[in-house]
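My questions all concern the structure below.
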Amino acid sequence: MGVGIKVNKLNAWFGKTQALYDITMEAPANHATAIIGPSGCGKSTFVRCLNRMHETVPDARATGRVQIGELDVYNGASAVQIRRRIGMVFQKANPFPTMSIYDNVAAGLKLNGFHDRARLDEIVERSLKLSALWDEVKDSLRKKSGASLSGGQQQRLCIARALAVQPEVLLMDEPCSALDPISTGKIEELIFQLKEKFTIVIVTHNMQQASRVAEFTGFFLLGKLIELDKTEKIFTTPSDKRTEDYITGRFG
Amino acid sequence: MTGTQPIEKPELVVHSTVQGGPLLKAGNSHIADGIFHFAMLACGLSVLALVGLIIYELMNGSRLSWHAFGLNFFFGSEWDPVNERFGALPFVYGTLVSSLLALLLAVPLAIGVAVFITEMSPRWLKGPLAFTTELLAAIPSVIYGLWAIFVLVPLLRQYGEPFCARYLGWTGMFEGPPYGIGMLAAGIILAIMVVPIISSITREVMTAVPQQQREAVLALGATRWEMIRTGVLRNARAGILGGVILGLGRALGETMAVTMVIGNRPEIARSLFAPGYTMASVIANEFSEATGDTYLSALIEIGLALFIVTILVNILAQFLVWTVTRGTPTRSHA
Amino acid sequence: MPDNEMAHSDFVPAPISLWRRGMNSFATFAAAAAVILVLVPLGAVFGYLIYKGIGSINWAFLTQTPKPVGEPGGGMANAIAGSAFILLIASSMGVPIGIGAGIYLAEYGRNRLGNIIRFTADVLNGVPSIVVGIVAYAIVVLSQGHFSALAGGVALAIMMIPTIARTTEEMLLLVPNIVREAAYGLGVSRWRTTLSITLRTATSGVITGVMLAFARVAGETAPLLFTAFGNQYWNWKINQPTAALSLQIFTYAISPFDEWHRQAWAGALILIVLIVLAVSAVRFVASRGMMEGAN
């Protein structure tokens, strides 16, 4: 079961340069919310603030309030604890190169001290099934390395890895931008199914993808959230002129 | 602007679809992260501590000698341990002459090898040639010395030195009986040892010159050699100089091979046939036998001088190489 | 060559002058000659090592200690063992500290202090090995009152640390940042990520660097002259003078006895074989690449 995300007046900086200005929004539970906008508008930065990955860049900081369910991301626990509750899939698939498929999926658990063998097997299988990769790799789980899979398979492996620690929220930062159309299609299908169990925030520069996959869409421009509404409405009758300009391709 | 809620650590309940309890313990890794950072920092600082230690021990050890002889230590040419008269000039002379002779021989060879490998060699030959020149660098000094004593020196005594005396005697630098052992042998073996370093750095900086430079010169109708001269070597000048100076640094500090063939006589002579003595060699030969605190201190002071000179030379070399390769982490040119 | 006046429509460039062509050929010839001149001593050294040394390597040589002066026979068994012993001591100090310093430089040291350490490490690499010997003497031998394997190990460790630190740093920097981010995203702590993910990914490169440093100090003689000092007999005590292969070669080579000269060649051959094996193993491991297949 997913939980909702509430963001209140989130600001973020890289050194002295401000990247996000007073972002306030809500992403409802068990739905997918897409974040769209032109390059450099802050969409990746925004999503990385939700699980405090933004802080890993030297001289980067953020202020504001992010609530995931009843968990206060910036005020309660440490960044490391937060990230165990939130899953992230990156733009370029990044399986751990020295580990097998099995070890990759189990990495989040093993590296955090969970070693129950029987349950690990169960969780790995379930995660791979959830990410629609099980059938393709079930015979070579420990023999093949994570890096030996194709691009689309690697990304599904990363999704399985993120799901294995059973987060309630899944953040996806342009997960299909480096993939071919067929792999992209498979992953979009996946997101559809995952919505039942998780809350998803997906950054995408592909407007068609947003309309295919997400019930809600937020439009970012120059670090500000311009408009957030039902996807249908954003793409047909947006309230803000800037949104309309972006949708119709006047800039981007 | 953070929220105004009281700061309390929430119970981390993981909503798990697997029956039975939270999946991951709520751990805080701050402490472990801190300890790890500290441990790594300590390792890093140890590098600084080592250099500090070296400087301290060398200065501490030379104090006695410094008080006794002052700066004249490096200008005195009498090395008489029995009467406790220590002058280091013969060693300074020996170190400088052997190193300069080595460079004189090594630099043209090393640059020639580098030019051949980078610009002239057929592709299939490049790798093996590079590997073999690096193999030269892997041979330990004592083995070079062994070979020099039993192969190079007899060759010099029989053929090399009579040849030099006959055709180059007019320079006044090839006089006296051709023992074989002496400054010339030391210079030659040092040259062989120093070629790989100079060659490897020269290759590195030549490869760093962008292809457009070569093409620009060729497009003007230059021959291959002219292209190499003006398009590559000219651009890599600073780096090549850096490599040469790095080679100098290596030659200055080289101990074993030189000790085995230089003759170990603390005298200054004009002829390259004469035996000599270097700073590193006198330390190697006499340190463990040194009786008396002043004796030992004099040797340590020589070590301090050697340290300072090689450090300065190496810093200069690193800087020059860096200007061409722009600070990519330098591999250790052992 | 035509000078500044050129008829544009019928300009035919003169052929490249004989001088330029000659220079070009001469340059190629000179460069090739340089290569040969450099390869000759290499071949000569290896050739003589094999020619003079191979005959003397026999079971006795590898298992016996030196006989007293004048007596034929005897071997360098204790020197080979002693070298291994000293190298073990050196590695136990040099490798962990070196790798630690490398981790610091790559993961925490992208700042002013890191630059200072980096620069100092490169400087430390250039310190003559005899000077390192003096320092190890001052720290260990003077305070203990006698020569020892420990002193020799300390001297070699000082030489290993900066080399290993820089190569480790280089290898860790090759690990793409997205791999680290993947671990952070899973909520893995920083120290765990650095050890279990970053270092693990760079393992073969780091090992290469360690073996290179090892091969380099294995042949060193100068720093052992007045630290380990040498020994005619077996020694396994860390606090006693110990024989080393390089020391033994040196002592025998400068001696006046033919018997000892013969053994010096044999010892040298063994030393070079061990070093070449180490360097080749390094190349082999490096060529298999950074990212292995499944465990």
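Should a chain be cited, it is by its letter among A, B and C, assigned in written order, with residues numbered from 1 in that chain.
The definition used in the following text is that a contact is a pair of C-beta atoms (placed from the backbone, for glycine too) under 8 Å apart; a residue touches a chain by one contact, two chains touch by 3 or more.
All of these numbers come straight from a predicted model, not from anything done at the bench.
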As a test of understanding: of all chains, whose mean C-alpha position lies farthest from that of subunit C?
A
By C-alpha centres, the chain nearest the middle of everything shown is C
Between A-C and A-B, which chain pair is linked by more C-beta pairs in contact?
A-C
Could you please state the distance in Å, as a whole number, between where the Cα atoms of subunit B are centred and where those of subunit C are centred?
13
Quick one: report the Å distance separating subunit A from subunit C, using the average Cα coordinate of each chain.
47
Any idea how many Å lie between the Cα centroids of subunit A and subunit B?
52
Touching at least two other chains at once: which residues of subunit C meet that condition?
187, 189, 192
Note the residues in subunit B that touch 2 or more other chains, in rising order.
24, 27, 29
Counting only residues that touch at least two other chains, what does the list for subunit A look like?
80-81, 84-85, 112, 165
Within their complex, subunit C touches subunit A through residues 110, 176, 178-179, 181-189, 192-193, 196-197, 200-201, 203, 290-295
Considering only the defined contacts, which subunit A positions touch subunit B in the complex?
1, 3, 8-9, 11, 63-65, 70-72, 74-78, 80-81, 84-85, 109, 112-114, 119, 122-123, 165-166, 168, 197
Going by the contact rule at the top, pick out the subunit B residues touching subunit A in the complex.
1-3, 5, 7-10, 12, 14-18, 23-30
Of all residues in subunit A, which touch subunit C in the complex?
51, 53, 56, 58, 80-85, 87-88, 90, 92, 94-101, 103, 107-108, 111-112, 142-145, 147-148, 158, 161-162, 165
Which bits of subunit C are touching subunit B when the two form their complex?
13, 16, 20-21, 23-24, 26-28, 30-35, 37-39, 41-42, 44-45, 48-49, 52, 96-101, 103-105, 107-109, 113-114, 116-135, 137-139, 158, 161-163, 165-167, 169-170, 173, 187, 189-192, 194, 212-213, 215-216, 218-222, 225-226, 229, 246, 249-250, 253-254, 261, 264-265, 268, 271-272, 275-276, 279, 283
